[in-house]
Amino acid sequence: MIAEAKAQTSPRTQDIPRATIRFAGDSGDGMQLTGMQFTKTSAVFGNDVSTLPDFPAEIRAPAGTVYGVSGFQLHFSSSDVFTPGDELDTLVAMNPAALKVNIKDLKNGGLIIANEDGFTEQNLKLAGYAANPLTDGTLDKYTVHPVQMTKATVKACEDVGLIGRDAQRCKNFYALGLVCWLYSRPLKPIIDFIESKFGKNELVRDANLKVFHAGYYFGETAELFQKNYAVKKANLPPGTYREIHGNEALALGLIAASQLSGKPVFYGSYPITPASDILHELARHKEFGVKTFQAEDEIAAVTSAIGAAFGGGLGVTASAGPGIALKAEAMGLATVLELPLIVINVQRGGPSTGLPTKTEQSDLLQVMHGRNGDCPVVVIAPATPSECFDMAIEAVRIAFRSMIPVVFLSDGYIANSAEPWLVPDASKLEPIVVEHATEANGPNGEFLPYLRDGNLSRPWVIPGTPGLMHRIGGLEKADVTGNVSYDPDNHQHMTNIRREKVEKVADHLPEQTVFGDEDGDLALVGWGGTYGQLHEATMSLREAGYKVGHVHIRHLSPFPRNLEQVLRRFRKVVVCELNTGQLRMLIRSKFLIDADGLNKVQGRPFMVGELISAAEKLLKK
Amino acid sequence: MTTATEEPRKYTVADFASDQDVRWCPGCGDYSVLAAVKKLLADIGLPPENYAFISGIGCSSRFPYYMNTYGMHSIHGRATAVATGFKITRPDIQTWVITGDGDALSIGGNHTMHLLRRNVDVNVLLFNNQIYGLTKGQYSPTSPKGKKTKSTPMGSLDRPLHPLCIALAAEATFVARTVDMHPKHLQATLKRAAEHRGTSFVEIYQNCNIFNDGALGHAQDRKTRADNVIELEHGKPMIFGKDLNKGIVLDGQHLRAVDVGEGGVPESALLVHDEQAPSGIHNLMARMKWPDLPEPIGVLRAVQEPTYNELMEAQIAAAVEQKGSGDLQKLLSGRSTWTVE
Amino acid sequence: MTTATEEPRKYTVADFASDQDVRWCPGCGDYSVLAAVKKLLADIGLPPENYAFISGIGCSSRFPYYMNTYGMHSIHGRATAVATGFKITRPDIQTWVITGDGDALSIGGNHTMHLLRRNVDVNVLLFNNQIYGLTKGQYSPTSPKGKKTKSTPMGSLDRPLHPLCIALAAEATFVARTVDMHPKHLQATLKRAAEHRGTSFVEIYQNCNIFNDGALGHAQDRKTRADNVIELEHGKPMIFGKDLNKGIVLDGQHLRAVDVGEGGVPESALLVHDEQAPSGIHNLMARMKWPDLPEPIGVLRAVQEPTYNELMEAQIAAAVEQKGSGDLQKLLSGRSTWTVE
Amino acid sequence: MIAEAKAQTSPRTQDIPRATIRFAGDSGDGMQLTGMQFTKTSAVFGNDVSTLPDFPAEIRAPAGTVYGVSGFQLHFSSSDVFTPGDELDTLVAMNPAALKVNIKDLKNGGLIIANEDGFTEQNLKLAGYAANPLTDGTLDKYTVHPVQMTKATVKACEDVGLIGRDAQRCKNFYALGLVCWLYSRPLKPIIDFIESKFGKNELVRDANLKVFHAGYYFGETAELFQKNYAVKKANLPPGTYREIHGNEALALGLIAASQLSGKPVFYGSYPITPASDILHELARHKEFGVKTFQAEDEIAAVTSAIGAAFGGGLGVTASAGPGIALKAEAMGLATVLELPLIVINVQRGGPSTGLPTKTEQSDLLQVMHGRNGDCPVVVIAPATPSECFDMAIEAVRIAFRSMIPVVFLSDGYIANSAEPWLVPDASKLEPIVVEHATEANGPNGEFLPYLRDGNLSRPWVIPGTPGLMHRIGGLEKADVTGNVSYDPDNHQHMTNIRREKVEKVADHLPEQTVFGDEDGDLALVGWGGTYGQLHEATMSLREAGYKVGHVHIRHLSPFPRNLEQVLRRFRKVVVCELNTGQLRMLIRSKFLIDADGLNKVQGRPFMVGELISAAEKLLKK
């Protein structure tokens, strides 16, 4: 019986420390599911893993076209993993288009497992191949394994009685079985999955089980492969783990914050890639009192969340860049109203509609400055998918404490990547204390809605509270009373207060930490989803003997108080971003540090390799 | 959130007045609406903390500052959206939206339409003065075609939107019209709006005596309005005129004004107003335009349908019923975990 | 801008196809509309440079890329506004707006309404698949209440907007509906839209076979649709059914389906469709909902009114007439100058 | 006969070089008209003048309240004038509220001319005065002249037969007459004005004429005034002058650009203070083929202008800060489409609704960065009202040359201020050459809509042109062909191109100039409407012996090529702005120059005095 949750090794098996593989095929080929199942079984086995899905922009492009290719990459390892990997060890290509699009990422000598049956005349033409690359020698620098997956799948299905298109559709499980053998993966998690997913449809369930095993046995039996591989367990902290995507972690973080504060989530949002999944996730959890509101547009989304905040709720809104642009005016309103508000921006390639399904970090200056007037807000950015959970809670904590809008900058990479997550103990999460005003606070028994506390925060009242009726609005208001004021000095004062209020948030922030050398030749400065690549690059550079520190900034407005100090300890500072130099600009203007920029605007993450070579160039200067 | 610790007290108009000076132009129609609303709330007898007034931007949108209730003067066109989030969060607070013809139908047209189709339980007062007051006199979406204003010195080119028609198209559950200078009617209509569960949409003809004086004079002038408007009453035949000697009949697909009584048609031939009729007929009524026909004021349509906020609460209750009230630890663990030892 | 240097030639469907691969899902209803539009333009016989296609964002909004005409794939919800500026500037170019139910009625609802009230001379094709296709399947403003989608796992709470009702409320001069899978009807309706001067508003029932397959099947299925829809013809009695034995009568304020002929009412008792009737009756028709009543397809309303762009040109002509065509020096000098020596 | 267009002097007359006066009263008192007529007669006489109107935010506040006070300030001089003046020499106050609001700006020893009749019990109470300030000694440090203007006006009107409220309404002409005597102004321009304005209504015309003269004679006759003043003609360049406001100049500039380029103006706009007057002005000039479109909101305004630009027209849109926020998404679209577009932002006090009728410069970073993605545009800012004319033409020239959106940053101060303007000779304005593509430009006879010229600009086609049909959109596009492209390298390339394109605009810009010292101790750096104050401050500082230069930046994106060089010639750089330091931030990050900031956020212009003392402090450091 092979169906045990442990690795399947044999004498042919070679131990390797880590591997990066990518499944690629048509949008309809089920590559995302295949990749996720492989990830799951690797994680359950005990590897550390990191994943990178790559969707086409089209919903269902015609089969066989290059723009319809869907890919799923994962990196699994016997030690800590921080990125989905630069180069592929193995590429699974279900058709010529998948090969075409992905071959450039395969390392020299890498393995290609191709579904030979997919390499038809027509598909070759659709992908723009004049000849069959599997046979014409163009792939000589790789190890190519053509496998008749479709035929084998159909065959296997016949046995259980599934035929035609339905049978063909199972071929991803054949590929999965084969790759499971190749990397000695435990089969049980996948078998469990098939059984629970298709349990209601016995025919399909049995077919998939059969096909999956057929793929596995093919690897074991066929003479095709000289050897297979094993990647040992990683030394992960003990505990209960699950897999989590950034968007999911963010949704869970919001619900946790709601539970910790006793304030129900109001989530006003209009669908947009890559933020929609937060809405989908939250909508599934109404038993937590979560209220999701699919608004008619982004403006209604943010203003309804402001209405919720005025009502004493946890008002949250989310979008990607184009939708955040539309929310700008209302974010200004929230700033002047001094209400707590969470604005999530899951960044994607811009400007304009740009590259909706690709990642980028080019909305930093938009969220910093993209409003009329001097209108500072708090901006934070998680570094990894699971950090979305913790930082969602932090965002709410800040917003409630300071009565202020907090922008949460995620990106398409973090949102869609998954990683193993040590499930937190809910009972150990720190409560979020919210004190609503219930009594008049003025010297004459009146209520002063803009009377401030030590954080420069004003009272938050739940409408319905007797005696505390008050009016707020977007016109400049007198401090303390909150009445409309056109007084010049008051406007100066309020402008200053709004800025100081943001700066005071730094009192509650952790100091900036450094990974690697605390001082030295080069600080690799980053923020957001580039964390993993910068981390690995720093490790490599230090192994190579350089004195390098990785400074990953999670708090972008305000900066941690010690940031300047930290940066000044390095001879050179380079800000690495997936944009044309936005954080770099902020750092240069604030600290007058001659920071260099390492920038990439290609809709995809850094490669560790390119970071290392760029850093080495700088270090040698 | 009505706290019942003290014994019930009577409220007066003064209890609903804030400490801020009212800053509309002397003579502006907004004053009478403010007075009517304060009186209504005093009559209802609930305390001021039970109310919220949410407005956009425009002269009329300064309204919340003058009410001693919870209030927000938000941004241009978005009061309806703010109120939606507010009401969903605070279903216990009676929520009023104050908006203008520009605020609600120009920049805010879409939110208005979506509020109405959702039937969120708020009361919308649309101050229709057929002009942009606050920005000093440009034509608005309700200005008649050909209107000469600062921005249209040769006359406007676009055909006006009819607020009641838009509301009916969105299947609003409560659609009414009233007039600033007809205090009794105003008061009665606001009362109906307050009582309705679901979105109440009230168009108020309001005089901007600075930039559009008399544009709605036919409905405002006490001396002549009886001939120019028709006061609707549910279940009553549609009669109008100073001497109540004119009426409306449904003639095939058209509405027509007729003389009633001697020399005219009998009262029994008149159209009987039915607030709950399918909105086809209300649409015909909404399109009655002076001077061709008297313009209907009062409640055109009032039907009961579940409100968005009730349905939202019901879904949450159903989810709790089905799954138990949320267990955070279970949520964090998700559907499948594994253990590293 | 039609240059008449070469002698007139015939155009084929291929002349209107761009060199870009069409990237909708196989089986999507959008394909048939694309084919119909290309065929229509070929039939009209004007060259491709005479057309512009302007869209928002959504699956359907990729349409312009596939037409060998001038085109713009703009931003979500704004195609109608882009087209307004375009048409005012280029009244000589036949301008088509391609939009979806989300694009035109959710984020773009207000622009749609204002385009219609202005009667700008453009043709709007609203691809109504009752779903957000491009963002992978959330409910849209036209989805029926209770719709379960990714964003509404327990069912949506809001009542749908009816595109035709909104168009009628804005007094659109041309209002029609057709169906992706009914090519003849589609073709004929598009032709009428192209011919109309003023805004033509066409709702197209379109199947999204990935996220909402069959949601409009009652109108799409060739076998059953004759009983589920009624094809409107101006001046003809409203008859439907596979055997043309059913019809619609106006019964007081209501529309009712009846059997026609033996055992039913005579054909002469049926409502005769009048495209130019005041829109009250069209409103009743727009609200006919399967399965209670057959849903009308074809042209509901078509009336002639001056277009916004014509009126704009006329004002400019009038200004030139009155003041002479602009003299820049005079303008710069203004109404009063003085001289410093 | 006194009705001649020359100054009326007498032996009691004292020559002074310049004077600053302010008319203040209720919104309904006609103070704007009064001020404008005084300005006009001063300009016609030959003084240089500068004005500053100050409207209340309310349309018509109840009479007598402080928030209903309307003011009009002007500065007229026998030499060049750059600002409306810091302190008042004379304040005309029509009621207690007007006195209350404006007294703080009157210099010690300054003149108060008060309408005694307006100082009723009730008005004193409304203004919050416990006692009558005209008599209780609180104004002792000023020279107070209470005049019974209302009574005198009513009296004068009686003679011609005008009575009641209509008569009282003429009292502003009484005040005007009196002040005309005080400053020896020619009366003819005002008499001409009254005659043309009220010509159709003889009664009112005659009454106003009578009242105006009565005021004048009162000054001459009454023993009240020991002396009056004369301000000699300034030495202005000879030529024909007119008065012009910033918004008006901007509208005329757009029409001129339209005439110079042969492209009709399409102006899509939604009313908003303080930009609406541009719409009103343009709407009056349909004989130039101007098409004004009052859109349903700002988004429709900007997108309709984009439609117009795609149609081959001159697409323009305008708003103030909150409306510009709403246009952000569409500005991104125009950037990617690479279409010419003019976006005018007449800045006002922010954030949010802020101070709608007050001036500020706090939208610089919004227009620089307030869009999703890396989305650079051109940004220019005129320094004076009349410069709005020249720079509107420049904006169009840049937009057409580079196929790019150009942001024109005006502000409430420039928009509403007026200055004498030497009327340009229309025939000498340089034409704007627009070359539309008319033929295929590809190697295979195809049309390539993104093929670039030396300015990195792409071809502009008039729809209707045979053979050049093409499609554009907001998704990232392949360079040259303009087709949708998800290619990573192309995205990097296009991101770079969009930035370089903006930078290339600098090739056509004038070098940065300096007023005053070209090098030295301090550069006073400014932009936009602060020009006059900075100019005067620089003059004073240099007179006091400091080496100071005034660097006024009209081109904010891109900067003039020599800007860094210019700035580095000074020991200290201080950026003076009506915001919290926005240009300062750009300069610091770009040049790493440790620029100081001199900032004010009070809804009003700098005072020359405050600039001087702040600069002196810096100079002494």
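Letters are used for the chains, namely A, B, C and D, taken in the order the chains are written, and counting of residues starts over at 1 for each.
One rule holds in what follows: contacts are C-beta pairs under 8 Å (C-beta built on N, C-alpha and C of every residue); 3 or more make two chains touch, one makes a residue touch a chain.
These numbers were taken from a predicted model, which means no experiment stands behind them.
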| item | value |
| --- | --- |
| A-C or C-D - the one linked by more C-beta pairs in contact | C-D |
| Centre distance in Å when chain A and chain B are each reduced to the mean of their C-alpha atoms | 44 |
| Whole-Å gap between the CA centroids of chain A and chain D | 47 |
| Rounded Å distance between chain A and chain C, as computed from the means of their C-alpha atoms | 40 |
| Per-residue multi-chain contacts in chain A, two or more chains | 67, 286, 296-297, 322, 329, 333, 352-353, 473-475 |
| Contacts with two or more other chains, residues of chain B listed in rising order | 57, 73, 75, 106-107, 109-110, 114, 141, 154, 312, 315, 318-319 |
| Category of the chain touch graph - line, ring, star, complete, other | complete |
| Residue numbers on chain A that touch chain B, as the complex places them | 40, 43-44, 46, 236-244, 252, 255-256, 259, 264, 266, 268, 285-291, 293, 295-297, 299-300, 303-308, 310-313, 315, 329-330, 333, 337, 423-427, 461-475, 483-484 |
| Interface residues, chain B side, partner chain C - complex | 106-110, 113-114, 117-119, 141, 154-155, 157-162, 165-166, 168-171, 250, 253-254, 277-281, 283-284, 287, 305, 308, 311-312, 315, 318-319 |
| Contact set on chain D toward chain A in their complex | 57, 67, 320-322, 324-326, 328-329, 332-333, 335-336, 347, 349-356, 358, 360, 362-363, 365-366, 368-375, 473-476, 486, 488-489, 491-492, 495, 498-499, 579-580, 582, 584-586, 588-590, 592, 594, 600-604 |
| Chain B - residues contacting chain D, complex | 21, 23-26, 57, 59, 73, 75-77, 106-107, 109, 132-136, 138-139, 141, 150-154, 156, 210-211 |
| Touching residues on chain C, where the partner in the complex is chain D | 1-3, 18, 20, 47-50, 52-54, 57, 64-65, 67-75, 78, 81-90, 92-93, 110-111, 114, 312, 315-316, 318-320, 322-326, 328-329, 331-334, 336-341 |
